[in-house]
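Please find the structures below.
Shared between the two complexes below is subunit A, which has subunit B as its partner in the first and subunit C in the second.
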Partner chain A sequence: MSEVVSEKVGSPPAAPPAEPRATASRPRRNRIKIAATAVLVLFLVLLPILVGSEVAYLKVAQYILIGAVGGIGLTLLVGQAGQLSLAHPFFLLVGAVSYAVLAGDPEESDDLVGLGLPPLLALVGAIVICGLIGLAFAPVAGRLRGIYLGVASLSLVFLGLWLGQSLEAFTGGTSSGRTPPTFELFGFPFSNAEPSPTLFGVAIEKQQRLWYLFLVLAAISYLLARGAVNSRIGRSWRAVRDNEAAATAMGVNVTRVKAGAFVISSAFAGLAGVMTALWLDLVKPDENEFTGSYSLTVSIAFLAIVIIGGLGSVPGAVVGAAVVFGLQQFFLLGANEFGWFADAEFGGLNAVVLSAFVYGAAVVLVVLFEPGGAAAVGRRLVARLSPSDIPSAPRGGRSTPGSEPERNDDDPTA
Partner chain B sequence: MDLATFVQLFVNGLGKGAVYALLALGFVIIFKATEVVNFAHGSLVLVGGYVVYALKDTLGWPAAALVGIVSAALAGLILERGLLANARSADHNSLALLTIGVDVIITEEIVRRVGADIPFIGDPYDSQPIQLAGVTIFRTQAIALVVGAVLITAFFLAFRFSNWGVAMRAQAENKEAAALMGIRSSRVTATAWLVAGALAGVAVLFMATQDFSGAGLGRGTHAIALIAFPAAILGGLDSTAGAIVGGLIVGVTEALTSANVDFLPFLGPEFSKSAVFLVMLVVLVIRPSGLFGTKELSRV
Partner chain C sequence: MILRRRAGRSATLAAALASTLVLAACGSTADTPADTAAGAGGVKTDKGVTDTTITLGIMGDTSGVFKNLGAAINAGNQLWADDVNAAGGICDRTIQLEVVDHGYKADTAKTLYPQLEPKILGIVQLLGSPVLAALKQNLIDDNVTAAPASWSSEILNNPNIMMIGTTYDLEVINGLAYLQQEGLLADGATIGHIYIDGEYGGNGLKGSKYYADKHGMTVKEAKITSTDTDLTNIVTGLRGDGVTAIVLTTTPGQTASALAANQALGLNVPVLGNNPTFDPALLQSPAAGALGNLYVAASSPPFSSQTPKAAAVAKAYKEAYPGAPLNAGTNVGYVEGLVWQNVLTKACENGDMTRAGIQTALTSLTAVDTEDLVGELDYSSPGAPPTRGVYIAKVDPAAEGGVTEVATVFTAPEAESYKAPFQEG
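Coming up: the complex of A and B.
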């Protein structure tokens, strides 16, 4: 079989076709990649069956997907487009509230605004609203750089805190919040409605349905992000990140590209917000700026996801989400199910603190020893699996030292 | 709002502003010396505060406060020597990310140790307002204003006239040239962190009080330290004078808008913090490098 044919047949759609690489080991590398991806997809699809009645594990996995969707949005903005943002929780809040308002039943309560749109439309609407607010912030984002932009974006978190508490008709207020409407797809409710279909003897109830919904949403986000990174959009992001003047000279409209990155990242965060609302079954604004679902702590957690995964790497963001969001929920699960941390010897050490220690340490170690994060580790592993491949084929765009991980590459593992 | 209320708010705001200025000055000193943005500043604040809380019953408040300031300074030094100095390959943006990781760990640990206590540590002056010609001034803020003025003056004198100040400014201007002139970069960097840590240790003595915010030592204090970010950014991250001006603007803005809530109830209780950031946004849109910051030039 000739190289050309096998390459055409075997390469996954996300692989950039134009990269000049050593072709000798490519079919083998692709086979490994396809096999690994297939195993992963199969595992994820069968997860509800594997965990069976232990739905708590499924909740952990769902939460990881929320972190993955949000993290992908942030890694595009911070890693690919080089714009530091701490505003992610604000867009999560906007997404969650928008969904609750758009889909909310108008008759449900006199105090709450609800437009009664179909949930699918509300989901799309929430994403669009977040994108538009991101666009509204673009004039500020376009003028600022680096840490100045980071702190400026922090103002959105405080704005969200204030608006969340003030606009109780939308958010439900800090005391009770409001319940987001059940998601529905063409009449199929994502709740415990009868009759529930079974799959290998496991009833597909609310949590199983939500898992599949989240899985599809995360997969779409992943593929869209990979597509963006590998296309003209991604190249213009990296050009702007590396050198604005040079990008302008190449014909890139810097203002528009920066605004576009902010809009797309906000839209991803908005989707993560809708998912958070469905996951918690509650939309409730935070009481203060440092604890809660949309607080500064979450800003930092999302940044940690992006750093641990490797700045700019889409698969890396998924790994980062598993570390940061997954561990936290896993420890919480252990605390609830098995009574971890209950003993006095832990001295008040609890799940949240322990997971913060782990991801805090992970961030420090990543910066000290592997600035490319999980993506770089994965890249090296893949290179080892196919030794004849030239490990660092020209990939372009490594002009800022240290912000090295750019990565429009394609490691299923990383 | 009558004049007495305004004066009262303004003076108390200045007192808060002096504390923000101390914190912002710490950011700026570190940034000037190393171009690293120290996200762990809030945890240096917590380290100082925690030591005071732990020791004040045994040593007495003054000695505990002194040990607290020294501890915060040492924490800054250890952070720089232990971690940042060893990551030579990383650029300053990566190092800023590293400080985020450090911040998460230290903050969680101290919040856990303090537990549900959330103590106040301004014993000698907390909750003892001064009445002066019909105006009520919080003693904490008044003392903070005096202490802040003294320390800031001392800093500027040292910055202007001492060998350390000259070395510091030389390194901020051009690191390579300064090194060639015999200025030890590592020593300048280390002292920058030491001084910034000490300033954070002083600031926390006023922050974790009833008067300042009503939030005791804990996550609340850490969040207040974050307000020093807008202060430093407002003035321009590489301007020491800007840090002072930014601190005072933030303090006064916060004090005035928090009082406005009384007759503008629709603004809600959290508006004063948002107001600080709104002011910062307006300044940044007009001057993207802050009021006194160096404009970034790009040569084509």
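Coming up: the complex of A and C.
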């Protein structure tokens, strides 16, 4: 996330007035940024060693990355392109099932469809399928706005529920589901295989391998999203979001841009779906629409990620994922580790109930005190650290239309 | 622009450097062999067993949708552990229970499991079919034996599952046979079956289809989801089909709705539910007056059972947890413990209390006696339910726990001949 700091230097509108004063401090800040990036990367790479045998914490960290990938996809759609979607769990389901079908062993069972493709190809295929289904929904997405689109997209979650239950040959049915094939990369299985390599004395077993896989996938997603936001694609999304007529006047094809945003967001969700399948070791459609891995609860969770992170901010979505997907689970692990609430038996306050309150409180507090989410907090922090650089940045992190030529919501300094 | 690009490049360089460092620290060794040691009394042990204690895990639900039942099952487990420890423990070791609550959520269970797993020998109670499905591979990978609080015969393809009692399909077969024996059902009749799509309902439906097939009956299926609340229109439809009995594999709330409709529409046919369909809390609901037609088929006895052991457990429960809800969970939890007790004792005799030793001990047991808390259990043929008998109970507001027993360990001939999905031979 620290690489973000230097990008304001490159954003043309903000740079010119700052030019004379900023030259001296710029190399220093770059060094800080590089150091921070290196530390962060090192921390993430060494995480399996830091947690050692406490694999449960690694499991939570993997889960956060799933939320980050899905959240990034949704923040692009909701924050950058201005289209509200609650259909994320549907694309998660499609991604998970597509992976299981494409990579599934044809011999595994007579009742299940499996094409036996290499897992990497299946992963890419699952993302492509999700993108295409997103494209199929584009005519609807192109005609509706705001809450109307949100409600229309909700129908996909119900469609997913019904299809998941009906197409048992693909999904394995709600009873037992199906086991997704082990991910393999050029013959290297992401499972417990012997002999396992060690890193500083910690064996790199299934969970450690999955962590690195998820880390790479999340990093790729992050960089692609940042690239999209900072390029022509991102500008056209923001143009359509802010004013469709003006966007058309500037030569932006509104229908195409809207469809494109939906396709990209769906593809991100598809990847998150494949990751969910690998994380759970299971592809199983939900038994009802309210609870489960692909349910309305998940729709809301992803929306919470986007809101807590700040609409449209890619680094914000990662922070949001850590809060929404991580907080509750960390809390539960801690509660068991230290024996809090050990006596709560009939009803009473226990760790699960309390962690739900913590998560709910986080959402309420963010909306109440910092509607811009983590991204706005980041903007303010950066502004405070280097006040000489951005004289035009308004105090309080809130921008007014006249003072800022372009703000892409993703850049903490813009 | 140039500066920015340069910064990006330096960052990449730094990252590359960091990863080289990490790679340099990499080595490759074969996994260290599992540390099995001969402990006290010459017994081989690996995880979860010390010279003085045996630790078993509970993955229950005391905060989710099954919290009433879940808490009572946990209490049943605890009562068993207390009884065993009071009698000197097993293999000169005391039983310790390590309890976690997953709130009936698969993702939570998936994170809690790796924290629990290194501490325990096996799992005395694993509640919830979504949780069970998500942990299936973990149980196999770590060779952890688990007693599920979920009774679908669809999970019996997992050798690490130690089924306690009989399965949903057999509950329904026995229940229908009981209704026919009582003259409430005739060959060639039409029966309705309302089921939640999923492991629970789907497995129950297998039972009614099998029984109907044997007796020339027709089954009218009605699929619902576990969150549906009003079944009036479905019961109306079944009345139109001319059903003479209704089978339910539903949640307690849905049971109340179906029974209320059954009475309100003047249908008044006997209704058969299996173990989870009834909750004594229904007797305080507006549907209380309509519950009289409900028969419950379950592998463990109802709370008010006169079976001596069940009565003793009920008494201990009321003393230890005054004011706690009274339901069949206590017996379920206690009998899970009893079966574990048999397995642990056998493993101790074999001198092998490792996880592999538990598996060996389990499959060698052919007649586990649980003092009639469930029928006699036979674990020698993996894939087949270990017992086929059920208790039949009828709703009775005067009884503790809301139901009174009408037949003890009842096994129909159809249940004997039924072949479970993963049964061999």
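Throughout what follows, the second predicted complex is superposed on the first by the 343 of 414 C-alpha atoms of A that agree within 3 Å, B and C clash if a C-alpha of one lies under 4 Å from a C-alpha of the other, contacts with A are read in each partner's own complex, and residues count from 1 in each chain.
As a working rule, a contact is a pair of C-beta atoms (placed from the backbone, for glycine too) under 8 Å apart; a residue touches a chain by one contact, two chains touch by 3 or more.
The model shown is predicted, which means the values in this text are computed figures rather than measured ones.
Asker: Touch test for A:Asp105: subunit B only (first), subunit C only (second), both, or neither?
Answerer: neither
Asker: Taking the superposition on A as described, I'd like to know which of subunit B and subunit C A:Gly292 touches: first, second, both or neither.
Answerer: In the superposition, A:Gly292 contacts subunit C only.
Asker: Report for A:Arg143: first if it touches subunit B alone, second if subunit C alone, otherwise both or neither.
Answerer: Touch partner of A:Arg143: subunit B, not subunit C.
Asker: In this superposed model, does subunit C or subunit B come into contact with more residues of subunit A?
Answerer: C
Asker: Which of the two partners, first being subunit B and second being subunit C, lies in contact with A:Phe357: first, second, both, or neither?
Answerer: first
Asker: Tell me the contact category for A:Ile300 with respect to subunit B and subunit C: first, second, both or neither.
Answerer: Only subunit B; A:Ile300 stays clear of subunit C.
Asker: Classify the contacts of A:Val151 with the two partner chains as first (subunit B alone), second (subunit C alone), both, or neither.
Answerer: First partner only, subunit B.
Asker: Who does A:Gln329 touch here: subunit B (first), subunit C (second), both, or neither?
Answerer: So A:Gln329 only meets subunit C here.
Asker: Once the shared chain is lined up, is A:Gln165 touching subunit B (first), subunit C (second), both, or neither of them?
Answerer: After superposing on A, A:Gln165 lies in contact with both subunit B and subunit C.
Asker: Output check: A:Ala249 vs subunit B and subunit C. Expected answer is one of first, second, both, neither. What do you get?
Answerer: first
Asker: List the residues of subunit A that touch subunit B in one complex and subunit C in the other.
Answerer: Looking at subunit A, the two contact sets intersect at 161, 165, 288-291, 347, 350, 352-353.
Asker: Sort out for me which residues of subunit A touch subunit C in the complex.
Answerer: 3, 6-7, 9-10, 26, 30, 33-35, 37-38, 41-42, 45-46, 53-56, 58-60, 63, 161, 165, 173-177, 179, 192, 194-200, 203, 206-207, 279-282, 284, 287-293, 328-329, 332-333, 336-337, 342, 344-347, 350-353
Asker: Flag every residue of subunit A that touches subunit B in the complex, lowest number first.
Answerer: Per the stated touch rule, the residues are 139-140, 143-148, 151-152, 154-155, 158-159, 161-162, 165-166, 244-245, 249, 288-291, 296, 300, 303-304, 307, 347-350, 352-353, 356-357, 359-364, 367-368, 371, 400-403.
Asker: Quick check on the complex: what are the subunit C residues that touch subunit A?
Answerer: 1, 3-8, 10-11, 14-15, 17-19, 22, 25-31, 62-65, 67, 71, 74-75, 99-108, 110-116, 118, 130, 133-134, 136-138, 141, 152, 154-155, 196-199, 202-203, 225-227, 321, 323-325
Asker: Please give the residue numbers of subunit B that touch subunit A in the complex, ascending.
Answerer: 37, 83, 86-87, 89-91, 93-98, 100-105, 108-109, 111-113, 115, 219-220, 222-223, 226, 229-230, 233, 237, 266-271, 273-274, 276-278, 280-281, 284-285, 288-290, 296, 298-300
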